[in-house]
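Both complexes shown next keep chain A, but they swap its partner, so chain B is in the first and chain C is in the second.
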Partner chain A sequence: MSDDYLLKVEDLTISLDVDKASIPIVEGVNFAIKPGRVFALVGESGSGKTIVSLSILRLLGKGVRITGGKILFKDNNGKTVDILKLNPKGKDIQAIRAAQIGMIFQEPMSSFSPVHTIGNQIEEVVNLHLDLDKKQARQKCIEMLGKVGIVNPERAFDQYPFEFSGGMRQRAMIARAMICNPKLLIADEPTTALDVTIQAQILKLMKNLQNELNMANLFISHNIGVIAQIADDVAIMYMGKIVEQGPVRDILRKPQHPYTKGLLRAIPHLADIGRSRRLEPIAGSVPNLFERPNGCPFAARCSQFIENICDRGFPEKTKLSPDHSVFCYAVAQDVNGSQMQEVVA
Partner chain B sequence: MSNLIEVENLTVEFSGPSKGLFGKKGTPITAVDDVSLYIKKGEALGLVGESGSGKTTFGRALLRLQEPTSGQVKMHGQSGSKVITDLDAKSLRKAWQEMQMVFQDPQSSLNPRMTVMDSIAESLIVNGLAKNMEAAKPRVLEVAQSCGLSVDQLSRYPHAFSGGQRQRISIARALVMQPEFIICDEPVSALDVSIQAQILNLLIDQQQELDLTLLFISHDLIVVAYICDRIAVMYLGNIIEIAPTKDLFKLPLHPYTEALMSAIPSDDPDQQLMQAGISGEAIGNDATRQGCLFAPRCQYADKDKCQNVKPPLTEVNNNRLVACHYADKLTLNGFETI
Partner chain C sequence: MPLLQKILVRLGSSVLMLVAVSIVAFIIISLPPGDFADSYAANKISSGETVTLAEIEAIRRQFGLDKPLYLQYFKWIGGMVYGDFGYSWGYSRPVTEVIGERLPMTILIATGTLLFTYITAIPLGIYSALRQYSVADYTFTILGYIGLATPNFLLALLLMFGATTWFGVSVGGLFSLEYQDAAWSMGRVWDLLSHIWVPIIVLGTAGTAFQLRIMRATLLEELNKMYVTAARATGLSEFRMILKYPVRLALNPIVSTLGWELTTVISGAPIIGLVLSLPDTGPMFINALRSQDMFLAGAMMLIYCILVMIGSFISDILLMIVDPRVRMGAST
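Presenting the complex of A and B:
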């Protein structure tokens, strides 16, 4: 059962080299994505979501180093590859990029070259990975541009990035990432620059491809509404760690970790318009990377903080159901406490 | 309450996309198309619309960071009334003390080689409101504190801050001038919801305490609804509907506004995504366009009037302004229960 994953991240640790010191920015991250499922990473800005997603394609920048763990991927031949063992510049990872794992980057502006047409830059991916002649390749690109909602895809094929609005560029990137029918699509804030109508179109398109082609999706977003609409499973990150993980309905309706609860309380709701305009942010602020606490990373801001427990090492995993787990001392005490009570009763 | 800002027939054109990289210019596109509106003193006006509809260009044109092609912008501030669009460079610079903009991308609007303290103090000194750093300091500290920045953070450089902190720095930079009017362009779209809540609270407080007037641009309709008293909806450079926030959400009068409302993703995983959806995207606005600009995507469009006659922004029902030939006949869906 636990073997039906497409991608499995085990104990991933990534560090930043600063003046000879090495500071962890992602620590002991574990998750698995099944074929055809949407797995979402949500959390604090700066918690390491982009870094985790870039490490899957081995695209981390200078000074950012993978210091431990495995990233297991079942490739097109049914073989399991540890992506972290591949040469980041080698043939094997290049064969995986775009053809098997497509990526939509957080910054659409910088991901197209200004001197080539949009069409040529999408065609490039097709030529690299599919065996089509010139005419077929062009046709396939135009079809995909139409699918992401670009009005005149034939004309768009021959246009340059600067002639596209921000939203159009973002959609062109989505077309490029999905054109080879990847088994896994990584989408880092794919709809932040889009208005809600285009956003809804893109989410529907992703859902369709997921159903038609059994495509899996690693989806990153700050927008809880978007997460609710697209995700099957959700992991909540705080300071480089996953603090809670589970099916989307459990996370949104029965959040357990104090950070997850705080995050959900901070969301503005339509129903409250005009009642109270003030929102409820989480008290305090994220500690500096250089002052990473020893215990639970959320301890300094947590209303359920337990002295001499929460500040002693990262909490163990508490399972609330086979799929829903939390890393929190207070939750663990609650769960264990009520189990003891059950035993007594 | 009296108007702080009055905009009359504001138009901004850009020379059109050229053919190929070095080709000659095509027909000019109209990014802001004959817009007239007012913003009352102490009011927060929201500006929403499709990406590329001209929201940022409109905001920049109000401050003349982008020179409008035609039209007038007036401000009736504490120092008296002035026509912003008629000011010479020197008087415009002075007017900027009263009107400030927080830009879409804080990363690119902060100087990486200046400490946060210097960044915030800079405009005070440049505008002669403080003689030097020493004189500027008390005011900077006061504003920084109200923006949730601590004293020890002020000596750091921008790269040492997270996105949310940088956003607060740029808000502090705008507030330090004690402007009467601030334009916020997507101030929270890249931030997690907790930091978003902090920044929105800060804006709400400043607005109430200082009687600040706001133009708030965002794709997130719920965020706009929280902050704003009224909302203007833009489509291809035109205001197609403008109404008090609650009225707009309860009962949209323009088909595009209805489409926007139906596309707000619900945070209930069991609720269907976008029912009354529209497809495709807007086709560019230039002088050759006829009829209602929304007609090609509108499910209510007829074959005659909508295709040939551009509906003006007119008053219907009880004081609602909308640009649709059928606004008084259609019954559109919003969120009746709010």
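Presenting the complex of A and C:
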């Protein structure tokens, strides 16, 4: 991979402390986000995608420990910082939060304090990171509220979150995360809690702002449909590991990993209306954290399971193109097999 | 202006409440069998004097005790509107005078107790929550349970015992002998302060322990909420973030229980006043009840109720200030 990344995650491993044991919940995750591009992390609930996103701003809660790896970030001064080396309660990470990396959360209903005005909570970010006087700060907030599509931003500034609808709160949250013009925006399932029409509006807004401000975006979702609309690059996570990653077109059109294929088959298509095709769910369910299999974590549910191979350690990376890679024994055999045939021929 | 309107409605309902409470208070003081004339006669007889039936009847007529109960009530409540609380038979002085010289001490002790409770409980509660399961947290927890479980009068006796045996000071009352009847001076204020901490600690310990537990529990709950992570993600320093957001929200139940806290203090105060022989309204109230000094007892009961109502009124107003959702009548 070339060196033009904005943020690069290397071998990230995160564990959950349970009583005296420590269970890995994210293992050896690698990816890089390029400036101005949208990188999507896709997976089911519990796949570790939110944990990865929180670790980038060092926001992990008690009992969740980063046990290895690096998160390299090219900061505003052009220096490369390993975020994992910073003190999570220190000044250095605080200078990065919101100013250089903004974040939007899943639940717009609960991500604002209910007893402070929207304006107060956005203005706070401005006062922390930008050098503006009170009047300018207020003006900037009102402009930003207007930009994210809030009607009558002057009035909204002095309103409380409970006076806002879910969609309005998520718009306000986007304003709060983007007001300092960060180079990277992390959006953790920003549309999951909203209804479908509002979802579409928020996605459109995010895409427009992202183009306008030339910002990179780490987009966390379990919804492939949403990913297809917004992402440039995709990584599919399963039980704390990335199983396939590549440009969005390759992943959607030529999925290789049996899990990715399963996810895509489980999406309803307009073309299927009227035909009697049932959606195909992926058989089985995600194993419990305490019963993490030795081999490929997907082995137990996989239709291409190979005895004595898939249950022996996590597969190596197989490169299908410079950008598209997959971690699967079955795919590796196919690819190697066809290469062999080519060589023979 | 919805806020002002709410306050006015709240005030209006307080007045209605007051009327209801005055009726209840009057019924309670009329409940015990016999009246002041009877207990007056009993007193005289026990000290060896003779009292004729005619004399008793005369006393009864003099104080209007022969009239029906509702007339007695209206006479009592009617006088109160003009600041006339009736006559204390026991002290042979108007009730206003008897109460007037003791009430400031009661209010001082109650206010002091509440201040002590909150000034101790809030910071310690915050500390316990932020350092959950630390040695200090466990220490506060254990002290808290002991504080909650110890009856006030026992604590009062223990403190008095400890102070006299180990420090050689007498902690009963609110003043030393030489300042008992002296005019107010710096010396007297100092003397008051060196005595008043005893009733304040006795009355405040259980409340402090309780509020500390509430503060700790609510703050722990608030700290897990999404808005805390979101606030952290803005780059705010940990200390300022915690004070501005979760602590502010955790104050909510503290503020709304202020009224109860005052009730506990006020209803606990008379017994403690008796145990510590304080020159406040406590011992006077108990004596008035025992000697069926009904106007004094009734007035005092009413004043205690008014203090509690003022307390809960203040707590409601504070809650409206602290929480805009209450102020604006929002549901979420």
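Convention: the second predicted complex is superposed on the first by the 335 of 345 C-alpha atoms of A that agree within 3 Å, B and C clash if a C-alpha of one lies under 4 Å from a C-alpha of the other, contacts with A are read in each partner's own complex, and residues count from 1 in each chain.
Everything that follows uses one rule, which is that contacts are C-beta pairs under 8 Å (C-beta built on N, C-alpha and C of every residue); 3 or more make two chains touch, one makes a residue touch a chain.
In this text the structure is predicted, and so the values were computed from the model without any measurement.
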item	value
First, second, both or neither for A:Asp188, with chain B first and chain C second	neither
Partner with the higher number of touched chain A residues, chain C or chain B	B
First, second, both or neither for A:Asp233, with chain B first and chain C second	neither
Partner chain(s) touched by A:Glu163 [first = chain B, second = chain C, both, neither]	both
Contacts of A:Glu27 with chain B and chain C, given as first, second, both or neither	neither
Contacts of A:Ile150 with chain B and chain C, given as first, second, both or neither	first
Partner chain in contact with A:Asp250 - chain B first, chain C second, else both or neither	neither
Chain B versus chain C as contact partner of A:Ala99, first or second or both or neither	second
Which superposed partner A:Ser111 touches (first chain B, second chain C, both, neither)	second
Partner chain in contact with A:Glu123 - chain B first, chain C second, else both or neither	neither
Those residues of chain A which chain B touches in one complex and chain C touches in the other	115, 160, 163
Residue numbers on chain B that touch chain A, as the complex places them	17, 20-21, 48-53, 148, 162-164, 189-198, 200-201, 204, 219-223, 225-227, 245-246, 249, 259-260, 263-271, 273-274, 277-281, 283, 335, 337-338
Touching residues on chain A, where the partner in the complex is chain B	43-46, 115, 149-151, 159-160, 163, 165-168, 189, 192-201, 203-204, 222-226, 228-229, 231, 248-249, 252, 262-263, 266-274, 277-282, 285-286
Residue ranges of chain A touching chain C (in the complex, touch as defined)	54, 57, 59, 61, 89, 91, 93-99, 102-103, 105-107, 109-116, 121, 124-125, 128-129, 160, 162-163, 173, 176-177
Complex contact set, residues of chain C against chain A	224-227, 229-238, 244-245, 248-249, 322-325, 328, 330-332
